[in-house]
């Protein structure tokens, strides 16, 4: 299926490519360009090659630059940090973001702090790839979007590309960045397509993208939720509400100015996240926008994300756990027309195409 | 020195006790009451006994219930979880909150989720004690307040007592709680005194405390920052600004209603935290208050916390890294009198007594 | 030989359940990934035969065999895989998080290795409460690479906890062979340096496994400390999912051949009177089809249940 | 014996620096906790004597000795402890995070053990870039209890990385003795099961240490994999801070006696011509007092520096 958030503007807009292939192209091009780039992590070199995102790299670059590891996420993260400090550019791959909880010490106590606590004498050009799993029984420990924990920590950068174009551009930017970058990919985005230039390019921190314009509410979607927000926007349009959808792309550093500008105009801000809301990215965005708007404040705000529970695999519970275009649209509607009766779009129409298709195995 | 936020109201108000001794009393009373309570973790049984907070417990309850461990924070956390699932009530002690980064997997992937993912068939009555270090060269890895990471995760409770009275009451409540509770203590609070009842009592989740009333601004202080907010309030009073100071005590679950009620009245909300602000407790409080206030919104907000850098040990840098009564007061002033010139209290007067006294070693 | 019959029944029950799971899997009634233990049943069956009700077992996401062998509720297991309210986790766990506290099955983690210290904590509690119970902690070969394995061994040995670690060494973590993960295969030797009796079993025999477990458990009940068994085995199916995967190129079907030839299920059947085998078979088929029918008939949880059990 | 003189100079330099740190400590000019290595100098001195400039060492928060022995800038070290802008971390590290990338000192962590995998990563880079360099990773006995130690050993051995792990076993982690932390003391035996040559040195001799390091490093430069040394030693001072602590009840002064009797600093001095010792002493005192004067005279960072170096 096609889910292109970036229309072809010119010849240089590239071909339609899947998110997973865009990632793979980023690795191949950067490994070609720079000898110091290497890709490692559990299962990067097997025939499944991380859902295909590392396919062919072993054959092309050899086992010194593409290799699996023992099940030792903590030490392997330290190894990546050391190699990065020594001048290499490791890309450390985790098939689930949940496993980063095993490496928090290395990421937060070492990677994030090394440059600062060593007085600027070292760099840690490290990329940590991690994937958020969703639906079909992923359950408690294979489903978490933990980006807000990393956004909390100075010294780390965090990026969550929502489409194939940004997947390639952000990954290349991350690899070239001299700092540790946590890349949050989303499993459900892997088959989605966008126009992707063939040559290497960077989608750099500092610029959020207004994905679709609107005047009644500002709708910020994170990662996969960008896609669901676009669908919510369509549903809202049918009842005469116009939502502006913004993709922050980079979560840290965060381009808050673009969101502030939009919210100042629409007076309503909804953040839809692929994670829990408490101390989440949505809390950060809401608080930062309101600090910047200052006394003029007075905008209505709402965060949407995972329900405040562990992720349950049973389908009816899972459906209630995750936000979806219908719940997003309903939340926007409630802010825009607070006096109206609550409105929820027809659940059938609110379903997302790629959401429905996905079925196991992992 | 005396820093009593709770005045003696009656005979039952107890004696003046230091924070550290209040903690110790809580352990002793609960261990006496319930055989299944035990206290373990690195160095709980040596002559320094975690700054004195576990002093005497070994002698009284023996090495089966009070013991040190190998340097294996990850596995020891799992051991605590298993023992808790099996019906014990472990109190697992870490002399620095920074070390919890070694146990994130066990805390987030197991402790927080066990009851939910096992369908309510188990309980995890676990207490994790951790201390925030501050000043005098603690530096990058011995200074972090990581409560917001835990507030993010459903299934965990988080508490940050700011005075001796709450230290005892919250610790007893945490030990009796059937869920995993992360207790964030603060090293600088250890010598501070408050009136503490002799008998056992619980300071339960669900009720924030209005520590001092005021009409111009709502000032929420977390952990140690409550003390600094009270000092800021005095400084503000001198220029005719009246700040209401609120101590949430429990951060998760959070009594947001008390804060909302105050902010609705004062129209200004400042949260002063002992941690970074991005996706921090302050972001959560600001966003939750604004969601609840709804369209009436229109209040001015500001978060204060660690500077967005790693903690540097050099004194001038450290002084700039931490918020203090002067910076808190200045922030409130800016919200209350946005058109006035910025005002900063005399730095000498803004210093905190116990802050000045503290000098190493650890 | 009463225990022969008992072992056969357990082995056969596990095999039939797993094959039924594999059979219905393509119909999408199972709402979780499944990690089958076909070919590895002799380990759980042999070890759990040495246990008593007061003992605990800690299992993995590849835990169907041990769950069944320890006497976990089969209806609740299948219902859990179907995502039903009657599941052992009320649909909140799925196949990777089976638990049955009544039967002494203390749960499973989908994060490899992380149940090792949790199991060690159960052993600490057993020691402290002087229940006389022991804990068996099942793990895969991959789990031994996680740091918490070494940390847990040291702690268990230091405190002489009653815990038997059982490593099911099937030679692979997903598709990665030992040679790409282990510097050497001197695992038992390493574990022994903690003062933990460690033994490697390579003959694939359920009886050898059972005897080793009996011996280890007896020593623990006498106040001995932890023990360790590394048991070689072969995973007959793909890592996750219902199919074989010898056509995927990462391993050859030859690896399975010797194991298939000495399949314990068939071997034990051949040594029992045919009538007895037939009776057991009838019984098992009834049990298993009842369990699937139970799962099928059970209701799903409803949306309103979502917020239950976040806190106790 | 040129290397005898060189070793003595290093030993004595470390001792004098540490004693000066202890002396000035009560005046509060040092803005960090200090973990002195007095009594343990022979390890860093012996090991680093086997190294070349292209080699790296990873140190701990008790890292003054190894920092100096590898040739780290002394002025920058003392200035760092004073919190000065001229410090090796510009006042952002403090005594627990010394680094001198020019001298091959790759930094220290205050979270015990966590520098082990980082050092292993440097060894991976050295292998990949074929620098011919090796890495020495200094750790305490306590650090071996952390899971990342086992994980790192396995990985280093699997990839045959050029890294020498040196465990300074002083018998304590803060005040906790080995007996409360280690199930057994068969550490070298355990490390050997990874295929890593492992040796325990108990004689306290800087020469024994140096010879063992030379041998290990030579093998690595020839393409050999990792090696391990466990070196027994005694911490003469308290865990953190400038004082002795034999009066605290957790250990007796007798523990120090044999070590003090064979103090390598005194022993090597006695074997050199007195005039040479005196010349070295003059030189060292000048160096050390210059370093403290440099630190004293250097400016503190200013508030405006706070946000530097968060990102590269």
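Points worth noting:
The chains carry the letters A, B, C and D, assigned in the order they are written, with residues numbered from 1 in each.
Heads up, the rule we're going with is that a residue touches a chain if its C-beta (ideal position, glycine included) is under 8 Å from a C-beta of that chain, and two chains touch if they have at least 3 such contacts.
Remember, predicted model here, so these are calculated numbers, not experimental data.
Between the contact lists of subunit A and subunit C, the overlap consists of B, D. At the far end from subunit D, in terms of centres built from Cα atoms, lies C. Subunit A and subunit B have CA centres that are 32 Å apart.
Averaged C-alpha coordinates put the centre of subunit A at 42 Å from the centre of subunit D. Subunit D has its Cα centroid 36 Å from the Cα centroid of subunit B. Each chain gets one centre point, the mean of its Cα atoms, and the points for subunit C and subunit D are 46 Å apart. Taken residue by residue, subunit B touches two or more other chains at 69-70, 72, 74-75, 98, 101-102, 105, 109, 116-117, 139-141, 154-155, 308-310, 312, whereas all remaining positions touch fewer.
Subunit C has residues 87, 90-93, 97, 109, 111, 145-148, 151, 154-155, 158, 180-182, 310 in contact with two or more other chains. If you draw each protein chain as a dot and join the dots that touch, every dot ends up joined to every other dot. Per the touch definition, subunit D reaches subunit A in the complex via residues 56, 87-93, 97, 99-101, 106-107, 109, 111, 114-126, 128-129, 147-148, 151-152, 154-155, 158, 308-312. Those residues of subunit B that touch subunit C in the shared complex are 38, 64, 69-70, 72, 74-88, 90, 105-106, 109-110, 114-125, 154-155, 157, 178-179.
Residue ranges on subunit C touching subunit D, taken from their complex, read 145-151, 153-158, 180-184, 186-187, 189-190, 193-196.
Subunit A contributes residues 74, 98, 101-102, 104-105, 108-109, 112-113, 116-117, 139-141, 148-149, 151-155, 252, 275-276, 278-284, 286-288, 290-291, 294-295, 297-303, 308-310, 312, 335, 338 to its touches with subunit B in the complex.
Against subunit D, the residues of subunit B that register as touching in their complex are 42-43, 46-48, 67-75, 98-99, 101-102, 136-137, 139-142, 307-310, 312-317, 319-321, 359-362.
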